[in-house]
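Each of the next two complexes has subunit A plus one other chain: subunit B in the first, subunit C in the second.
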Partner chain A sequence: MAQFLQQMVNGLSIGSVYALMAVGYSLVYSIMNFSNFAHGGVIMFGAYFGFFAMTLLKLPFVASFALAFVGTSVLAVVIERVAYKPLRERSAPFLYFIISAMGASIFLENIIIATIGPTFRTYPDVFGRSSISLGSVSIGRLDLIMFVISAVCLTGLVLFIDKTKMGRAIQASAYNMKAAALMGVNTDRVVMIVFALGGLLAGIAGVFFGMKYTVYPQIGNITTKSFVAAVFGGLGSLPGAVLGSVLLGIIETLVAGYLSSQFRDLIAFVILIGVLVFRPTGIMGKTTEDKA
Partner chain B sequence: MRKRNIVAAAVVALVLASCGGEKQADVIKVGWFGALTGDQAVWGNNEFNTVKMLFEEINAAGGVTVGGKAYTLEAVGYDNKGDAQEAVNVVRRLTSQDKVVAILGPNASGNAIPIAPILESAKVPDIATVATNPKVTVLDGKVKPYNFRVCFIDPYQGAVAAGYAFDVLGARKAAVLYDVSDDYSQGLREFFIQNFEKKGGTIVADESFKSGDVDFRPQLSKIKAQNPDIIFMPYFFKEVALSANQARELGITQVLMGGDGWPSDQLISMGGAAVEGCYFVNHLDYEDPDVADYKARYLKKYGIETELNGYLVHDAVVLLVDALKRAGEPSGEAIAKALESADVKGITGRIKISPQTHNPEGKDAAIIKIVGGKYIFQQKYAAE
Partner chain C sequence: MDAYIEGILMLSGINLIAVLGLSLLTGFAGLFSFGHAGFMAIGAYSAAICTKLLGLPFFAGIAAAAAVAAGVSWLIGRATLKLKGDYFCIATLGFGEAIRLILDNFQGLGGARGWPGIPPHTTLLNILILDVIGVVLLANLVRSRHGRNMIAVREEELAAKVAGIDTFRYKMLALVISAAYAGVAGALLGHYMTFIQPKMFSMVKSTELTIIVIFGGLGSISGSVLGAVVLTFLPELLRAVDKWRLVVYGLAVIGIMIGRPRGLMGGFELTPKSIRAHFARRREERAIKAGQAAEDEAFSGGEDGKGGL
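Right, the complex of A and B next:
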């Protein structure tokens, strides 16, 4: 029983890591209908921004954190302007966007390798390594803080999209970009805001990742799993992305803990494929457009 | 039109220059490959830097005399990013385009195993550095004619770890966490389990992950529930640091033990207190007087400490130079033949290549403990 509770805590914590990334994917997908594979690269930059703000600039944690997510917001918008906007203006097929996104992702990884180098870097200790024990279950401090901040950010995002005028413009553009433009929505601006929001979440995710798993140029690769989680939850749906991520985290943990860690990914992904066979749009997806 | 002339002239000049270069060349090209980028880049860069440094020193001292003629050594290095497919590609390039007579590296078993067919068709020998999997030099009981190495092998390393854990540390229940996608990790796990059980111990948990994973808590929680005396972690320092930190977060206080994938400056900076008091099996003792000179030269030239790989690639160079001198001619076949009967003293110990296995026989392992963020040599340990 103690082990089961511990495994649920592990699963929730892994799931919340996936959720922070999956929401960024879903957000961009809902507007642009393509998967922004450069997201992993932006997360990696977030980790480096936070790291250098703390070690080189000697800023306190909160300031470094803010610097990281402002930095990645700007970076995400720049990537959009350089890599996607020209395609958007020519209404290129979505495949071109994906290729452009992969290019951006490879570029981001290699520019770090070439300039900063491939070595691993460790964040200074902020919250302490010790964990909080509840009976026989231990919860990492960082996990707890990460869980709370993720929840706050995701709630904030949902409120922004539901309650503000810009949020409604995003919803309208997600529904139909052309029609929204005809109704006077500045869709170019909407795209920019969406990328800025995606970048902001990437920055938050990046700093937490860096603290949890150290900083290195391939850290963005973990996004593969969160991309799967986003598809599983229903690409384009924010609650779906969160639900898909948490479920993936828990399924993985339970499979590793009770069936076999050797077969963890195999079994977890067979379950996901099974769900997608019966619900091709994912758990909470609405449309049946091309998922890419 | 004018531009084109200039380009044509430049091409001609280049061709002439390269022809001229070849004529005056009494150069022996030696290949090196390993990861210069990616997860294992720390070690790849360390190896290649060592090779370049040693070649410069050898050339400055007059080069190597082969068959009565002096040659200088030139290192041709390529990055395989730690990838097995890329390893095959770069070896093909080294043997067919660069026409090297021998290859040094790689450090990873998974990269050293698939290159054997290319070496055989090109008749170029390879000396692996820390590739400890048995299959690097021997496959299905037959020795691979062009694969050699300067390190001891996994069965030996696994046996040393199991023997030390059981006999010296007194562990009776052991748990293993390993990387299921890595030949090196699989090999160490297999021979640790085999030897630990042979001694009378029990394996209470045998868990795995896949390289690239960053979260090990599900597996560690399962291990914790079994309450082992020791946890064997036969994989590389990055995952070691992550899993050690996560183990401590989960309240696992047991001693962790590993193999030669552990030692790295980064293990201490990343793992910190989590790896304190833990043990690993290594190829050498860093404080051994035999290694001090190389260590100091490397530090002076590059401004950073050498890693484990540097010591082994140093001995690979020693072994190669010895074979070159005895080969009579700078050809891959002659060098391979000379390597089979090599018996040299390297800085990591005596390297006596066995013609049956192409492994250095009877090399002692060093047991190292992490105390106060330092690698403290405990004892030389040989498994039976």
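Right, the complex of A and C next:
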């Protein structure tokens, strides 16, 4: 029982970081209606921004963290302006967006390999290896911080979308972009804000992944899991993305703990196929055509 | 022939088969796959099982590779092709990674260390034969009613449906055929290298195949042929700047989508007939221009000098 609880705690912490990625991805999906496969590249840049801020610039953790998510916000908006906006303006087919996203993702990954190199780097140890024990369960400090910050960010995002005018504009655009534009919503700005928000969450996720594991150019591939999590929860639905991510994180740690750690990465795909065959709308989605 | 040049020619011939399949899927049916290297892996391992473990002849291995890859793609298609395009993309992304992970952990076939000792059956001749068969089959397919139906699905799925085209069936057909092509390419690659390793079929391989299709031009078979040959030779010539290759590819892909989404040869086929037609059109245009100049002189200051639309 103690081991099971421990696994749950670990799963919750990794799942909350998946949620940060999946929400950013779902947010863009709900507005633009295509899968932004460049999201992984943005996460990878977040990990590098944070790493170099701490090692080269010798900034304290909080400043590095802020630098990373501001940097990825800007990066995500730049990618949108360069790679998607021209397509958006001439309402190009869905396929072109995906190809452009793939181009951006290849570019981001390989510019790092070409300039910084493919080596693995480890973050300096900020939080130490000590853990906090609660009864029979112990929580690593990094895991706890990851969970708390992710939860705070996701709550903040929900409040932003529910309570602010811009948030309502995002909801309206997700429902129907053209109608929103006719009602006076500046949809171009909505798209920009959505990419900035997605980039911000991606930067945070990137730093956490870099700290938990290592930093390397292919770290963005971890977003495959957030895509799966988003489908699991219901593509385009934000609560669905969070739920799917947390469940995926827990299932993965349970599989790694009780079966074999080699199956950990495979289980995501098994879940994906299961969801697609039996319930393609995911947990929270209504229909496959529905949006957030 | 120089062994080095022959080697590159063989690789571009092998790539071409995989690219042809992907060209059908992306260029003609409008579906985007992130996992075609996975089908190549399935083909490579199935063919190697046939020839190395079961001692079957090479062509049986190739047939098995095509059949197994097609079968697996049918299963994926069943689950995803009735849904929106994104689901298919994500499923192929997951599939490509999953195949690699499964092979990595399957010690019976060498696991992550790879599987050496595959008989070197692949020759330039059998690659060329399969290339020609592949091109002829595909060219006939896309010009048939089925090919036109696929193009209709790509252009406007809803309208195609309304016109009575079974869109699911045609997407599935494109997927299964393209997976079979990828399987054959994998079989050839395995028997050329005589060593296969799951790492050879990573997502980078899948994206490279897609890049070739996009460079060549969506919806052009001759573009794919050109793309496969040029983009296999180019990195060999530019070894010194190899690490910048994918950086440039990434930017170029975005540039193509923004500026010339149909790619190098999009929608245009290089056949003897089209070349003749092109020159005939040029002659005609010149004749019209000459005629117009004469007319302009006759009615100077008259009508707008622009030729008819």
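Simple rule for what comes next: the second predicted complex is superposed on the first by the 261 of 292 C-alpha atoms of A that agree within 3 Å, B and C clash if a C-alpha of one lies under 4 Å from a C-alpha of the other, contacts with A are read in each partner's own complex, and residues count from 1 in each chain.
Quick note on the criterion: a residue touches a chain if its C-beta (ideal position, glycine included) is under 8 Å from a C-beta of that chain, and two chains touch if they have at least 3 such contacts.
On a predicted model such as this, the values are computed, not experimentally measured, just so you know.
Bringing the complexes onto one copy of subunit A puts subunit B in a clash with subunit C. Once chain A of one complex is fitted onto chain A of the other, the partner contacts of A:51 are absent, as it touches neither subunit B nor subunit C. When the two complexes are overlaid on their common chain A, residue A:265 makes contact with subunit B and with subunit C alike.
When both complexes are overlaid on chain A, the residue A:100 reaches subunit C alone and has no touch with subunit B.
In the superposition on chain A, A:69 contacts neither subunit B nor subunit C. Within the superposed three-chain model, A:119 lies in touch with subunit B and out of touch with subunit C [touch as defined at top].
Contact with subunit C, but none with subunit B, is seen for A:227 once the two complexes are overlaid on the shared chain. Once chain A of one complex is fitted onto chain A of the other, the partner contacts of A:214 are limited to subunit B, with no touch recorded for subunit C.
When the two complexes are overlaid on their common chain A, residue A:25 makes contact with neither subunit B nor subunit C. Residues 113, 221, 262, 265 of subunit A touch subunit B in one complex and subunit C in the other.
Residues of subunit A touching subunit C in their complex: 29, 34-35, 37, 82-83, 86-87, 92-96, 98-100, 102-111, 113-114, 221, 224, 227-228, 231, 235, 262, 265-266, 268-269, 272-273, 276-277, 280, 288-289.
Within the complex formed with subunit B, the residues of subunit A that make contact are 2-3, 6-7, 10-11, 13-14, 17, 113, 117-120, 122, 129-131, 133, 138, 140, 212-214, 216, 218, 221-222, 252-254, 256-257, 261-262, 264-265.
Listing the residues of subunit C that touch subunit A in their complex gives 26, 30, 32, 34, 78-80, 83-87, 89-91, 93-95, 97-98, 101-102, 104-105, 154, 203, 207, 210-211, 214, 243-247, 249-254, 257-258, 261.
Considering their complex, residues 37-39, 41-42, 180, 207-210, 212, 214-215, 217-219, 221-222, 224-225, 238, 241-242, 245, 248-251, 266, 269-270, 272-274 of subunit B touch subunit A.
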